[in-house]
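There are two complexes below, and they share chain A, which is joined by chain B in the first and by chain C in the second.
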Partner chain A sequence: MTLTTISVHDLTKRYGSFEAVSHLTLDVEPGSICGLLGPNGAGKTTAFKCILGLARPTAGSIAIEGAPVTPKTFETTAYVPERNVLHEWMTVGEHVELNRRSNPKHDPKRADELLATFKLDRRKKVKRLSKGQKTALMLILALSIRPRILVLDEPSSGLDPIFQRVVLDLMIDAAAGGATILFSSHQIGQVERAADRVAILKQGRLVLDGTVDELKGSQKIVEAIFEDSVPSLNGLAADARILRVERVGRVYRAYVREGGDEIARRLDALGPKSVSVLDLNLEDIFLNAVADAKSPEDTI
Partner chain B sequence: MPAIFTVDPRSGIPLYLQLIEQVKRAVALGTLDSGEQLPTVKALALDLTINPNTVARAYRDLEREGVIETSPGRGSFIRSNGATGESRRAVTDVAAAALDDAVREARNLGLPSAEVETLFKRALGRWFSAREEA
Partner chain C sequence: MWYLEFLRMRRALTVYALILLGIALALVVGLQLGHVAVGNSVSFGPGGPSDVGFVYVTGGHETKRVAAKSLEFPLVWLVGVAGFLAIFFTAILGPSLNAESEHLDYVFTKPISRARLGASYVLVDVAGLLAAFLVGLVIAVIPLASIGILRFLFVDSAALPTFVLLLGMAFMWYGEKQAATGWYQGSGGKAGVVSIVVFSILSALAAVDLGPSFHATIIALNFLNPLAYLHSLTSQGGTVNEHTLLPVSMAWQIVLTWSIGVVCCAIAVAGWRRVEA
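Then we have the complex of A and B:
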């Protein structure tokens, strides 16, 4: 049996009366890429800090490859924080050198390759780097140790679309080499491409979790097109399986969790011109998961 | 290896199924010949910018269906026989789904069936006669 690479069990982190993470349970299997999505302030960064032992959990347990986090964990686990942790007065080269001295797994050839990929000049001082270049340098330092486990907190923030793609390629390259990756991102398209698993956080709680295919299979859009205007729907939207509704012109769209065919039949009974059941993309699923409760006007 | 595969991550169809369909389509169209080598899992994952596990899963299923064979250390190849029937069926499925979408869209826009039929015949005449003249 293989050990779960990152195992989070019933994690809660409170700052005073504010609960940043509430009862989070999450397993990341070896060799998989797990994408963590959530609006700003959903608790993603706090969860990462707890996982890596940089913040003390209020309750719950965490294990990396079956063991508690110790300094030795960081010989094989790399973390790229969202916040810039570089030293402004040091050069790019000095950071690479610091990384080499502090980590026995540092591979100078890999560091050179990565510096070339991101076109970073060793002599440049960090304070002269753009936001994107700073992100790139943190990634270079993380990947230079050829980590078995990578935890990336918004690895594309500040990068232009070209370098965003480079980051995605580096993640795929690492995963193809057997690395396990946990990352957060606001780029839902990246998660849709790269992740095996997606976990969606809202106000510190896990609201949705599954493989990308499972999540996409679990929700449908039932779209009805009416002749003139959308009629009164007799409380149809009060159905608990309907997550959200949209009406635009003569089109009524219900985002449904299971029972799509039955809801399509109920809509069909209202005499629309057509009713279809459509697939959703991950962005729709994310928006539904973090949306506030249905407003009363939806239930007419 | 030319870039013969494309996938749409935003589609509701799982990426590994899209890839399986594309390989079968390429075999049926002769873009991939029997005995031809497929890219490695890593190369294709990087080429399409998708998860390597997704590519590996597609290859495993294609192997089970007899479309490709994988020999350890050498890579994955299109099987010399047995793949064509399966691939031809896949092409029919792709075409049927595309036609289905088009007809559904025409209905959604409010066209009566007679008018859709006229449009369909016009399209048929346009594409098939063009083919014959060529």
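Then we have the complex of A and C:
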């Protein structure tokens, strides 16, 4: 039996009366890339901090490679936080040296390669680096220990598109080498490209979880274009299979969990110019997952 | 992670040493120009330094023949100056555990236990305090050497206990700042200024006559006040003054300062390791 690399069970984290993470259960399998999506304030960073022992869970349990997090965990687990946590007064080289002295798994050759990839000068002080370069340095420090587990909170934050691609490639390369990666990103295209699996958080709760293919296959868009304005839909939007509807001028779109063909037939009966059943991309799935419940005007 | 704190302390000590060096060089120039009252050079009689009876002190346009004995001074004076500077250095030094509160995501994800991490910071800082003391001592010698009176320095028995007490006071102040701010996630940079104000008020209150119970309370609180231990040092070299603020012997003061420092550092590390990032 393969041991789950990151196992989160019924995790809840409260700050006073505010519940940042609520009953989160998540398993990340060895060698997989799991993307955690969610709007700002959904609880992604708090979940990461709880997983890594940086914040104490209010309830629930967490295991990394089957054991609780201890200092030894960080010999093979690296974390890149969302915000800059580097020491501004230190140089790039001093940070690399600190990494070497504090982690026996630090690989100086790998660090040199990565410094060259991101074109970072060892003598430069962190305060003189751009936001993207600081993110790059945090990534270099994380990757230079050749981690078995990599937790990345918005790893492309502040990077230009060229370096965003480099980060993506480094993640895919690390996973190909056997590393397990848990990351969050607002770049949904990046998540779609890299992740085997996606979990979506909303207000601290896990609202959707599955492989990218499963999620894409689980929903369809039924799109109808009418000659004039969209007619009365006779309560169609109230159908429980419809997750969300959009009306833009003559276009009516229904995001459906199942029964797409039947809903298309019902729309077709209203005499539109065209009706089609379309596949969703990850962005559509994400927006459906985090959108508010169908509003009264949608459910005509 | 001692390396991180070593870099931070090295930076602080460099600034400290440069400031002291600047002051010392200004004093040297002042002495050489004869602006300082004690005279700007000392020369020996025909017999050289072995002719110890008299020396010639030149100040401005005037040269005086004075008994060499009158120029002798004990090491404890230099220790006192260096100790005062080291205490000042400690007071303005940002508390290191609190300084990491913005970087906990970074330092707490290293394969080192938090207790060991905190202890390594404290040990490096204590070594830094000792270094600050020695830097002060070495730099204090420069102006004296420039006017040739360093040879009148003699090592007295009070120097060592005074050195240990002053270093203990610096360590105690350091520990108290760490304990007050280590658990706290906001900026603790103002702790130095606040501690100077609080300790000065506490010392001043000891002189206010507001009844025996108030006085006893203030004296008790002053045992936690590093500045209160300064009052106990006399110009005769570290013996307990009869008008001392703290009614305990110098040996007890040494024990108290170091013990309070150790306890405060332990509290600081215990609080810091529980801080959430």
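Please note the rule applied: the second predicted complex is superposed on the first by the 300 of 300 C-alpha atoms of A that agree within 3 Å, B and C clash if a C-alpha of one lies under 4 Å from a C-alpha of the other, contacts with A are read in each partner's own complex, and residues count from 1 in each chain.
In the analysis below, a residue touches a chain if its C-beta (ideal position, glycine included) is under 8 Å from a C-beta of that chain, and two chains touch if they have at least 3 such contacts.
Keep in mind the model is a prediction, meaning the values are calculated, not measured.
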Partner chain(s) touched by A:L52 [first = chain B, second = chain C, both, neither]: second
Touching partner for A:H87 - first (chain B), second (chain C), both, neither: second
Contacts of A:D279 with chain B and chain C, given as first, second, both or neither: first
Which superposed partner A:T77 touches (first chain B, second chain C, both, neither): second
Which of chain B and chain C A:V256 touches, first, second, both or neither: neither
Which of chain B and chain C A:C34 touches, first, second, both or neither: neither
Partner chain in contact with A:A264 - chain B first, chain C second, else both or neither: neither
Chain B versus chain C as contact partner of A:P104, first or second or both or neither: second
Touching partner for A:G189 - first (chain B), second (chain C), both, neither: first
Interfacial residue positions of chain A with respect to chain B in the complex: 31-33, 165, 168-169, 172-173, 175-177, 189, 192-196, 212-213, 216-217, 225, 273-274, 276, 278-283
List of chain A residues in touch with chain C within their complex: 49, 52-56, 71-75, 77-79, 81, 83, 85-87, 89-90, 94, 97-98, 101-104
Touching residues (chain side chain C, partner chain A) in the complex: 1, 3-4, 7-8, 11, 102-106, 108-114, 276-277
In the complex, chain B residues that touch chain A: 9-16, 41-42, 45-46, 49-54, 104, 107-108, 110
